[in-house]
């Protein structure tokens, strides 16, 4: 069983049982964004994490084993994502990519935000003009070092 | 003069005069990320904003006028950005795109984070294990509505 | 069952039973364009909508459940669509894209037509020189707002 | 002088003189969307139309002549447009392309909406929940005929 | 059964029975080029046409029904076709595309050759220096009309 | 001077002098389609042909010399042509490419229509339902021969 | 059975029986390069050739029939081939393509080497500094002829 | 001066003076195919070779110096070459690439034909049915060796 | 069984049995990097090597036979690899490709590092600031030789 | 002056003066690979480094200033590099990318080799069978850490 098939099994079980990602994350004992990524096949789970997810979602052993495998990462089906919810983040890159680069260099000097020593979360921030989606990307600064 | 040529003039003046984006933003009276984007040609400036920037950076009239034009947005030179500082954000999309989508749908239902009614900022968060780049993407939730 | 497989089941049932999209839309209680999109997998249906469609089209339970899932949107098989009926709309973009942009900015200022707070319809308008296809794209204006 | 250079001259003159597309269209005696397209280089103008535009915008003879040339059409700089205002229309195709195809075939049979015997307009429709951009695409139906 | 699977069934039956496209076209009562296109899935057949083809080729009911479906057209597997027999026509476009455009505009003015109100045929023309393939593309002229 | 610059000079002279491709072809003594292709840079001209064209169009010596150079052929700016008048011929390939292939193989056996030992012409054929553009592609059949 | 599946069956049988392409070519009575191409699905075989191959390789009837079908040619899985043994020939094109073009034009005038009236072979040429692979491409010259 | 500009200077001088590649190769003292490649910018020339070419073609010093520079190789303007004379060699790869691979492996084992320890030539071979272009690709076999 | 399916069988067995690549390499008697590449389908194994691997991993005969087949190499699923661990090496090419080229030419003259007469290894180098991944690419220099 | 123009100025000066990268690196006081990358525009130089390079190479002030600018990195002109010396490293990725990934994960666990906290060098290693190019990629291991 591939990690992609395992992800399908997870989605199916989640829909059938009506549990939320938050509930699964709590069972697994990890933040929601990490948990979703791992169950969709973008991170390997430890034996205990996979077992906790399998137990809540009533997943078979081969799913559980697939969740523990080292992934080959990369979840976009096309180079430019077509789904509008995901596309907006690509659009942010198109419009603000060089801006983010300038601000990182001004504040930190030459380097990057790590996407590996990294965490993100997605929050609702109430706003009278319409609630807001706030996505926080939080990665260690890595200076160019020879 | 195109907005791209104006952006080059801005970069050249900024380097020559040794001012920072923060100083320019303060002169313009707008948040730094917006100001950088506008000066790089991704947002139109008002007459007053363009004048404030021109005054600080000693820019000619045609630059000032170009800064006020409505842009055709899109700053990436290639569909997948090659610059490592920008690429890491594309990588975040490759690894976490579907995760962000799941969490938005779980919290808000079917819809998107607006990239138009939107603001972002880039901050340094001190950390003993290495300071962190924290990029906050903050857009209004837009539900699918017929 | 994926939403794509569900869409195939819908098409097959529609052909077998000889019902029209209009009849299905009436049964579902939603406008035709929305209904077609939802049944082709581009929108999630509510339980009641899926049940109404399933009842008219004699669809099995797993189809009905697939129709309720949150979609990953994006229906084009290639970046430039090959089918002539769809291609003409891409051609409209090639010829008139910047024109539409100019007219939106002249009338509304800097911003976009939402494709999320959005509806469309397709109508026949009789014309002695040959009836016309009139497609109305109707989306909320979203101004660039920081 | 190419039609692209002529379009740049038109944009520059329009900005310098502060006239609107509507005013130019009135001077040219053609609908606004057609006029914008023609001045951006997507349609050839008649001598009288080019002269009317040149007179209002104070354009030189070579611009006027370029406006009369037969264009090689196609205004998008990339296959998938990056500018958000234009991209939303590509997104409409991604989400609703097959829906529009289904509805054309159901109403008219096998055929297409012409993009040549075609007109469009862009309107503001007031709405208490936010005014709407309404783009009407209106093309002759062309049945597949051998 | 998809139209593509139906096309495979048609090819298999044709090879097994040793009938020619000309014989099938005669049975269907349509020109050969139309008939081949329809059986390969690029045009919908009427009930009578599908039945005539099915009867000659001994095709099952589901093939017959697939032949009647509205196609999503587009037969090339890659954007630039690799098969040499088909590639030569792409090469004609590379070498003569702008020439054809010039000659259409000189003779007809601004407009296109319809590919929908269109027919083609393929003929052998004997020639002592080697017989020639003559492909006639015959489409209605459509002037740009607003 | 490149052949592309020469083609621009030809177009400019043709527009300035108001001569037609037919008139130029007559002066050059070659069929119109060949003449247009050659002047647009897709065929080399003989000294006499280049001189005849230069004389009629009042072209300078360097243009004349460029017209005689061996071209690197290929006139499309993008892999899929965007101009609607040219695109329709790409669409013909998308819809009818495999059909043409089948008919060539049925009539001639395994082989291709040459695009090198090849001529084409573009004609107007009057039709009460709208005059027709008839493009004849006429190439020598080349059988696969080892 | 498709020609691709037939090619897989050929490869499997060849491996199982330990015969060489040379032995198969001898049985088929055709040069090795032609024989390999035909068995990999790039040329149609006559009944006798397919039978000879089938007899040597112990292939079933459906394989034999697939070998006789007219192919849609094109064996590369990606536009730029990834396999190093094949890539080197693409590299030859990148480095020497225009050189070959110049030398053909100098020797023969304007025209091409046919890839249809064409044969190739692959030989070992002993060399004390390391034996050499010599690939001879041998095609009829086809002059551009209108 | 870049090597590309030097190549343009070489082509222009060659056309002006009416010398052939063969004559230039003789002057340079290298085989024609190598000489053409080097002058088109795909190989670096020694001082003596560049001087010999410059002397025959009456080239300036900066051209001569550019001819001696180490090139960044790669002469195709598009990934799939559009020029028919060059395309036929890409087509050979599409049709015979895997065949050549099989024959190399059968004769030599696992490895490649070097495109670096490599020479090619282009010859005319008289043939009553039409003279033939014979291109010989001759590279050292390199076995996969760890 | 294809080499890709064999690679899946190898991965599954390795996970099930909990053996390491190092242990497998030792059993096969080849360096780890070669062994992994071969088992993932990028090199052919000898009968003895395949048997050794099969014996340790308890693989069936058809897997063993697939491991001995000549591969068509090329392991990346997309032209630009999406997996971050692999992407970093593509990034090295983007940032340092021309640097490596300059240094090879300065030290060796015109030529390449062979990727065929080639070996690599991956090592951990302890470092108080964080251990380092050291990948050594070691290929024979091949000078351009005609 | 852009960093690309500065790189051209560096190359020209280096050729004119006949200095080596090693000599420049020594003058700059940095390792050769870093120095080449910086001078080709992939790293920013300090004032002192730029001055040292400028002094040795007799570069003007604007070159010196351009060398100090923060680069937008990415040196490949095409997604797949065409130059053979660079391509071989892309080929290494095609053949060994997943192997390197496996070995990193086996030794270090889930994570990447940094391409930012990174150094490389290129060495000649004498070998009786032909000297070898040894490229060492040396980057800090970065574990996936939330």
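Labels for the chains are A, B, C, D, E, F, G, H, I and J, by order of writing; each one numbers its residues from 1.
Simple rule for what comes next: a contact is a pair of C-beta atoms (placed from the backbone, for glycine too) under 8 Å apart; a residue touches a chain by one contact, two chains touch by 3 or more.
Note that the structure is a prediction, hence the values are computed from the model and not measured.
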item	value
Chain-contact steps, minimal, separating chain I from chain C	2
Minimum number of chain-to-chain contact steps, chain E to chain I	2
Shared interface partners, meaning chains that touch chain I and chain J	A, B, G, H
Chain F and chain G, separation of their C-alpha mean positions in angstrom	33
Whole-Å separation of chain centres (CA-atom averages), chain A against chain B	23
Between chain G and chain I, centroid-to-centroid distance (C-alpha), Å	29
Chain I, residues touching no fewer than two other chains	72-74, 76, 79-86, 91, 94-95, 98, 101, 105, 111-112, 114-118, 142
Chains that touch, pairwise	A-B, A-C, A-D, A-I, A-J, B-C, B-D, B-I, B-J, C-D, C-E, C-F, D-E, D-F, E-F, E-G, E-H, F-G, F-H, G-H, G-I, G-J, H-I, H-J, I-J
In the complex, chain A residues that touch chain J	30-31, 34, 43-44, 70, 72, 98, 101, 105, 110-112, 114, 116-119, 142-146
Residue ranges of chain C in contact with chain D within the complex	20-22, 32-33, 36-37, 40, 42, 73-76, 79-81, 83-86, 88-108, 111-115, 117-118, 120, 122-125, 127, 129-142
Interfacial residue positions of chain G with respect to chain J in the complex	80, 82, 84, 87, 91, 94-95
Chain H partner contacts - residues on chain F that touch it in the complex	65, 69, 72-74, 76, 79, 115-116
Residues on chain D engaged by chain B in the complex (per definition of touch)	15, 78, 80-86
